[in-house]
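Listed next: structures, encoded as C-alpha cells.
Each of the next two complexes has chain A plus one other chain: chain B in the first, chain C in the second.
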Partner chain A sequence: MDTTDIVTATDVTETAVTETPVTEAAGTEAAGTGAEAIREKICQIIGDELDTPAAGLTPDQHFRSLPNVDSMRVLQIVLNTEKAFDIEIEDEVTFRVQTIGEFQGVVEDLCRQKNSA
Partner chain B sequence: MPESAFNDSATGAAADTANCFGCAPHNPIGLRLVFEEEGNGFGTRIKLGADYESFPGVIHGGIVAAILDETLAQAVYRSDRISAFTTGLRIRYGRPMETGAEYTAHAEITKRDALSVRASGEIRLPGGDLVAAADGTFHLLTDEVLGTYDKRLPTGLVDALRASNRTVTQGD
Partner chain C sequence: MPAEELGMSTGGGEGGGGSLVDALAAVAARGSGHGMRLFRGDEEAERVTFGQLHAGAGELACGLLERGVVRGERVAIALPTSIDFARAFFGVLAAGAVPVPVPPPVRFASLDIHLKRIALVMRQSKVRVVLSDKVLGGLLEPTLGGAGGEFQILDVAMTRAPSAVYVDVAADDPALVQYTSGTSASPKGVVLTHANLLANVDAIAGGLGIDDTDVSCNWLPLFHDMGLIGAFLSPALNDAETYLLPPEDFLRDPGRWLRIISRYGVTATTAPNSGYLYALRRTPAERVPELDLSRWRFALNGAELIDPDTLRRFSAHFAPAGFRADAFLPVYGLAEGSLAVTFAPTGRAVRSTWVRREPLSRGRVETAPAGAGGEGTETGREIVSVGVPVANTEVRLVGEDGAELTDPSWVGEIQIRGDSVMRRYEDNEPATRATVRAGGWVSTGDLGFRQDGELFIAGRKKEVIIVFGQNYYASDIESVAGRITGVSNGAVLAAGMTFPDGEGLVLVAETKESDAAAREELIARLRFAVSDSLGLTPRDIVLVRRGRLPRTSSGKLQRHGVEEVLAEAGTDPVRPV
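And now, the complex of A and B:
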C-alpha cells in the first residue's frame, strides 16, 4: 500500500437520533476559530503528529511532501483536528485535499458553519 | 451483546448460551474479545487469523468494524450497566489490519444523555500507530424503553436485555 495515499474509509449509514440536552465528556474545549488561530492550531496538530516544527509548515505544502507522513498519521491528524475544533470532517475531504492550506480552508468552513448554526 | 447479559444473577456464572460474535468465549467463529478497564474506557487485545481475511493477509474491513462496534458497545454497557443498540457507526481506516499480528482496541464515552450515548474508539499497533477509528451512537435500552418495544422485539430478547440491565458480574 502506498503509505502516502489518503485513507479509504467506509461510512455506515447512520439512523438519525433525536438528541436531548447532553452532558459532554470533559476536555472537549474547541480551539479558537479565527482564521489565524485555526491555521496555527492545524500546523501545531500536524507538527505534533509528524514530529516536525509547526513553524516550518506552510499552506502550499503538499501532505505527501511532509516528513514521516503515512495514512495512519493522516487519519490521526484528521481525528485530532475534529476534536480540537469540535467538528466532523467528511471522508471525501481526505481524497480532495492536497495541501495544508486546503485542509485549513476546509476546517475554517466547517467552523464557520458550526458557529452560524 | 455483553456476555454479562446472560449471567446467572445468583451465582454470577456466565450461561453457556452466551453467543455474542464479539465477546462470547464459546462462539466457535466469534472474535472472543476479552475487555478490561483502561483509563477512562475499556480495551482489549486482538490477534486474528486467516479465517477473517478479505485479501490475503488482510483482515476484512467488516471484521475491523465488528471489533470496533464491540469495543464501543462494551464501553457503553460497562459505564452504566444498561443495554444498548448501535444506531450509527462511522469507521475510518488508516491502514490494513493484518492476519497474525497483534493489535489493541480501546473505547471511551464522549457524550451521554437520557436516551443515547456516543462513544469513540480506536485500533492501534503495539507501538501506538492508529489503524482504524470509530465513532458510534448507541440507543439506551432502559427498562422504560424496553417497555415500549414489547411487541416489536422477540420476547426472549426483551427479557434478556432487561436481565442484563444493572447486572453485577462476577469480579466487579
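And now, the complex of A and C:
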C-alpha cells in the first residue's frame, strides 16, 4: 500500500507549525505569582501552544490526552512556562509529569522557591 | 590474570585492526586534535579529542570488566545526546561487549509504560548492565534497578577505572544491537557486526568524499541508526570534527543548529525532510542574512519521504546566506543495512521525476508531465532520486511473485545485500526468517522503481509510519489502540498520511457507539492511549461502524483500502460512517 501521497482533508494547515521565532513566543509578559494566577497562565500557555481553548483545560487532564500534542509543542510549553515565570524546569521533571495539575504544582513550587530565595 | 591471557591489550589498536575501537585508535593516533563537541543551546558545553575519547573508552571498559561484563555481553546505553554517550558506546565496545542503545522517556507521558518498553528490549538482548547518568539513571533505578533488581544501573561517570583495557574482538563479532520496534511482544533488534558498521562508515565517507577537513553538526538522537552512524560514527571515524546538539535543543529553536553551522563553518549535516522543513519555517527571512551557510557542502536528507518542494523552498530561503541547492543530497537507508544504502551523486542538482499517481498506486510507473500535481488535477507526483547504491552494497527490486523485476515500468520491493547489511535480528528467528532471504538478500519493506539506473522510492509495503525521522510500527499502534474500551473487537487500523509539515498518524477504529458525546470520549481515550504509550499523538482519529474496515477473505483486517474509508469518512469524526 502506498499511503504517502494521500491528501487528507483535515484542519491541519500551514499554521500548524508556528512560524514565530522562539524569542518572540507567547508567555514573555510578566505573569502573576499567586497560585490561581499561575494555574491560569499555564492553561493559557498550553491552550495557545496546542490550539485548544484554555477554558476547557482541567488539572486532572493528561497532557497526552490533549489534541495536537507532539514533542515540539511539549518543549515549547516548557520553554514558554520557563519564560513566563523566569524559572528553570529540570529535564527530569518533564519525564515524571503527566497531568496539567502536576505541571501546575511543579511550577508553583519553583515560583515559591524563587520568591523565598 | 595478565591482560594478554584474556586476549586484551592495554594500548588498543594493536589487535586485529577490524573493530570500531581499532578504527578510533587509528584516528586518535593521527593526533590531529580533532574531536567531538556537545552544544547546549548556542554554546559549547563539553568537548573531547578523539585521543581522549579512545583513552576514556579503555578506562570505562576496565570498569565494566571489573563489574563482570564479559565479551559479547549486551550492555544497554540509556543516555541523552552527550559526550558520555560517546564514551559509553566506545567503552562497551572496548570491553568486547555490545552496545544496545535505548531511547529516553517521552516527556509528559507515562514513565511506567516507557520502562516496560525498554525492559522488553533489554530482556530480548539478555541485558544485565545499563549504562546511564544521574538523571536518567535516577528514573530507571526504582523500577528496573536497585538491590535484587533485574538490571544493574551504572552511572557512566562513576564506572571508569584508572587504567585502560581493550579487549580484542573479531570483525565479525556483533558491535551494535539496534532496535527498530520495541512495543510488540517480540521486539526486532538489528544485529550489526564491526565489519558491517565499518563498511557502512567507509561507504558513507567514500560516497561523500568526507575527510578530516570536514565539520559535521547534527541533532539527530543517537539511540537511532541515522544519528548513531550518520551523525556520530561516520564523522568521528574519519577524524572529522563532530558537533552534537541534543534533539530537544533543536526542537526548541532550530535556529541554534543553523547558527552553529554558520559560526563554525560546518560542511556536513544529516536530517530527515521534516527537520529541514522545521528549520525553514522557524527562520524568518530577515534573519537569514545573519547566517553564513556557504561552507555547507552536504545536507543529507533521508529517513522520510523527501519532498522536492521542501528542498526548493529551503534552498531559495537560505540562498542569501550562501546555501547552495546542490548541497542537498537525497539518501536512502535503514537500520537493517546499518544505515546508508543509496546516495544521490554529489555536486549536482537534486534530480526528480514526475509519475502518474493512479497507476503508481497499482504499482505501475507511467511518466506524467512536470507540474501535473497542481490544484484540482492531482494526476502526477514528483519523486526525488535517491541515487545509486553506496560502495559494496547491492539493491534489487522484486515483484509480488518474489522474482527480480527486469521491466522498469513496475514498482518492486527494495531488497538489499552487501557488507553493511545485517544477517539476523536479535534472538528472533521468525522475524529473521521473514526478512532475510536466500542469498543474503534482506527485504526492506520499501517500494521503489528505477530510472536511468537511479532508485526512486514510491512508498512502503512495510507497515511503518515515520514521524520526524522516527519509525513507528502500525501493528504496535494498533495493539495499543485495539484494547481501548469502545473499539469493537479490537478493530483499528493505523496509517501514515501526508500533512503540510510531514507525515502524521491517522487512526481508523470501528465502534458501535452512535452517541456524539460517547464518540468524542472514545476519540479522547484513543488519543491518550497511543500518545501516552508511544509518544506519538494521532493527527486524526476516524470512527467507523462495525465491519466497515477492509478485511481479507478470512476476516483479517488489512491496511489496503483504508484510504477509501478515510476519504468517505471526511473530516467529521463524530458523524457515524
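Rule of thumb we're sticking to: the second predicted complex is superposed on the first by the 87 of 117 C-alpha atoms of A that agree within 3 Å, B and C clash if a C-alpha of one lies under 4 Å from a C-alpha of the other, contacts with A are read in each partner's own complex, and residues count from 1 in each chain.
Keep in mind that, in the parts below, a contact is a pair of C-beta atoms (placed from the backbone, for glycine too) under 8 Å apart; a residue touches a chain by one contact, two chains touch by 3 or more.
A quick note: this is a predicted structure, and the numbers were derived from the prediction, not measured.
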Considering only the touch criterion stated at the top, classify A:76 as touching first (chain B), second (chain C), both, or neither. both
After superposition on the shared chain, which partner residues are touched by A:51: those of chain B (first), chain C (second), both, or neither? neither
If you stack the two complexes on chain A, which partner ends up touching A:92: first (chain B), second (chain C), both, or neither? second
Chain B or chain C, by number of chain A residues touched: C
In the superposed arrangement, which partner chain does A:67 touch: chain B (first), chain C (second), both, or neither? second
In the superposed arrangement, which partner chain does A:36 touch: chain B (first), chain C (second), both, or neither? neither
Where chain A meets both chain C and chain B, residue numbers: 1, 3, 7-12, 14, 17-19, 21-22, 70-72, 74-76, 78-79, 91
Complex contact set, residues of chain C against chain A: 80, 104-111, 135, 138-139, 248, 251-253, 255, 278, 281-284, 287, 305, 357, 360-361, 378, 381, 447, 458-461, 467-468, 495-501, 503-504, 506, 524-525, 527-528, 531-532, 535-537, 539-540, 559-560, 562-563, 566, 570-571
How about chain A: which of its residues touch chain C in the complex? 1-14, 16-19, 21-22, 62-72, 74-76, 78-79, 90-92, 94-98, 103
Spell out the residues on chain B that touch chain A in their complex, using ranges where they run on. 40, 61, 65, 87-96, 108-116, 129-131, 133, 137, 139
Which part of chain A faces chain B closely enough to touch in the complex? 1, 3, 7-12, 14-15, 17-25, 28, 70-76, 78-79, 91
